[in-house]
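You will see two complexes here that share chain A, one where it goes with chain B and one where it goes with chain C.
And then the complex of A and B:
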């Protein structure tokens, strides 16, 4: 302990760490009625860290060339010691990332934390959601299996519905008219370099906005659930008499992360087959489209929407409009009330939207 | 049990669990990254004798390293490791001088692998081989 206090003293006179600990840890106060939904962000950071680590490990043995990619992934799964574990963690982790992102998005929606003055937080969160979808799309191609190849063909084809520039965009995205080795090169670069840099930058901005304005107050368990922001000047939302982040809410974060890992490893060790249909184990064949190619679960609603509308452009536009509405929600919903049960119109739309999303996904799975 | 003792016990228990968890996580990662034993570790390498003319040499891969077989002008065959004992570069056979030269730091070896000059500290190690029925088998 003497060693530890010597190290702390050494750092204190050089960095003033006691002030940092006071400002960001022990003295950083959170609302007394905070709940476990506020730890979704920490879970997402953990999932991202696991993806980066397992992704970097996969890079050691993965070969990003069309004629070698599938064999290298098979080698990782069957011959490299614990390669099956690293690969499965990465594949399952990508689905977990999307799932917990949806939980995080829904909890922010229902607790009204997107409302003024937190529009920038919502916007950066929305951008992050889009980036994660980009990660999922680009990463899916890398194993170069029948599933990878044809799911990417279907996904990139939909861009062609945009008038005038659609076909050009499809060819630019693919690096050619069809999905080919050129597509693999582009998607690989996006997946391991461009998207990570963008994601880390936007996460930094997301944290900065959160830090700057302060943690929102949940609308539950207090008499007052209305947004008190006046909009006349910048005001940090502090929580005097609140709960310290360290150690109190950090304990909640760690509990949530531990529960997440229990769920994560249960999926990996007991239900890995959910994430690997049979076409995932057949090398890509550009001349043979398998029957019943479906996208991954998080894209099923988009896939089914495109199938419902005879005109692909209308199908794309409807989805674009829905996403734009979601992105601009803080500017559309200017009501002061944050409690979901006191916002009947919002609740109806949100529950309707969730049922629609789940319904379209199930329909997409069985269609 | 006083609060101080309870705290120490708790810290020790959590520390122990954290160490065990770290070990459980690091074990598969270490094994994943550790160099794999080549599947052909005990395998032999064979090729026709005609591939090694008098005064010539043939280089080959043998159990993860580079080997060389030399046929002296008199006909004698010698199998050696081609890895220079100085810093690991692959030596070159000089057919005009009938010796080995390491291009990295100009170490020189006889056809038998003994050091003639330069920085190599040891001779090139010998490899076991057999020649029969027109085939050389190393290993």
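And then the complex of A and C:
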């Protein structure tokens, strides 16, 4: 114990760790009415950490060459000790990342936490959501399976619907006219180098904005549900008399993370093939088009939307407009009220949007 | 940064976000000229294309030119003998025609009573297997309706019964391999093993010697035992994984409960 105490003293005089602990742990106060949904960020950080660790382990055995990639993934799944576990965690983890990002986005949306002065938190969050989709798309090609090859062919094809520059963009993304080893090289570089740097940077910005502005107060449980920000000067939203992050909310975070892991590992051990259609385990064959290729669950709504319109560009434009509207929501919705039940127009649009998204996804799955 | 830059950036990001949605339809594969021309023709000339589309040949990418020769890329010369076009074989040439690929089967057929009756009213390959709608070979091909076209069904029935058990077992093992393959198990060795056993077994289809069928079936079943043993090991591995899953999920739930209680004690 004396050794530990000496180490702490040694660090204290050099880094002032007691002050850090006070500022960021025991003295970091959160709203008294904080709820379970505020754990989504911690769960997402955990998922991201799992993705980084499993991704790094996969890199030890994965070979990013078109003629070797599929065999290397097969080896990982069948011959590398615990390779099946690592790969399945990485694949299922990608879907979990999207799912919990959606939960996080919806909780922020319904609790009005995107409102001023948190526009930048919302924007960086939205960019993170986009980057994660980019991770999913680029990671999908890497196993070089039939699913990888044809899903990427379909995905990159749609860019061709953009007027004037569409075909150029398709060839730029693919590194040629067709999905080929050049595409694998590009997507691999994006997946393991470019996107991680971008993601870490934007996560840093997201945390920085959170740290500067403070945690938003939930609109439930106190009777006060209006946004108190005046817009006249910078003001940190503190929570005097609130609950400390350590140990109270950290324990809530850890409880949520443990529940998440129970859910996650239940899928890994009992439903390992839940996100793998059969074509995911057949080597890519550019000369054999599979009968049915469907995108991952989180793109099914987009997929079905495109099918509803005779012109692909119209479908893309409508989706682009919807995404842009969502990204710019804090600049459009300037109301002070945060409680969802006191915002009937918002509530109707949000619930309608969720039902539409789920409906289109189910339709896309069975179409 | 002005608003227009933000909007432009967001529009770009929005487009990136919807990129994976993709087009609803996959790009069609280029069709060979035989299909392009014949599929548009009525009656006898178009019929083979429709039948072929439902065949095992189509499923495995064996196209018109693989059997009939010719140039599948040049419409003008597709049926030119100079480009290797063979057309339809005469009846007595059919076994040799199919036997270019199905070498072992052609040999077994020629040795059998069926083969010895070739040109004397005996059946050819297409009598039982059809010509363009060639389906995966199975015991269903041996049936009273088909066999009675030429002779009584009794001996065929005895042979079919002798083979039924093995055939059922092969189908069952094939199904298990298929399931494991769909879960990421490397089934390549097992698939090749079963392919070999199935081929050996199917050579018996062309023999009409009941004693030989029974003798050979015993050897084939011994090979199937070996494949079944490998599948049993995979099943055992899966069972162990599920047990580990119970422990891991249970531990996570227990940790959640303890952390929750600890949090409550701080509250």
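Before moving on, here are some points about what is shown:
The rule we apply is simple: the second predicted complex is superposed on the first by the 367 of 367 C-alpha atoms of A that agree within 3 Å, B and C clash if a C-alpha of one lies under 4 Å from a C-alpha of the other, contacts with A are read in each partner's own complex, and residues count from 1 in each chain.
The definition used in the following text is that a contact is a pair of C-beta atoms (placed from the backbone, for glycine too) under 8 Å apart; a residue touches a chain by one contact, two chains touch by 3 or more.
Please read all numbers here as calculations on a predicted model, not as lab measurements.
Looking at the shared chain after the overlay, A:247 reaches chain C, while chain B stays out of its contact range. By the document's definition of touching, of the two partners only chain B reaches A:57; chain C does not.
Annotation for chain A, partner touching more residues between chain B and chain C: C. By the touch criterion defined above, A:86 lies against chain B but remains apart from chain C after alignment on the C-alpha atoms of chain A. Residue contacts after overlaying the shared chain place A:175 against neither chain B nor chain C. In the superposition on chain A, contact of A:78 is made with chain C only, not with chain B.
On chain A, the surface patch touched by chain B in one complex and by chain C in the other comprises residues 79. The touching residues of chain C, counted against chain A in their complex, run 7, 10-11, 13-24, 26-29, 61, 181-186, 241-242, 244-246, 248-249, 252-253, 255-256, 259-260, 262-263, 266-267. Residues of chain B touching chain A in their complex: 28-29, 31-34, 36. Residues 57, 60, 79-83, 85-86 of chain A touch chain B in their complex.
Note for the complex: chain A touches chain C at residues 74-75, 77-79, 84, 87, 126-127, 129-130, 133-134, 136-137, 140, 150-151, 153-159, 161-162, 247-248, 251-252, 254-255, 258-259, 261-262, 265-266, 268-270, 272-273, 276, 278, 280-281, 287-290, 293, 295-296, 299, 302-303, 305-307, 312, 316, 319-321, 323-324, 327-328.
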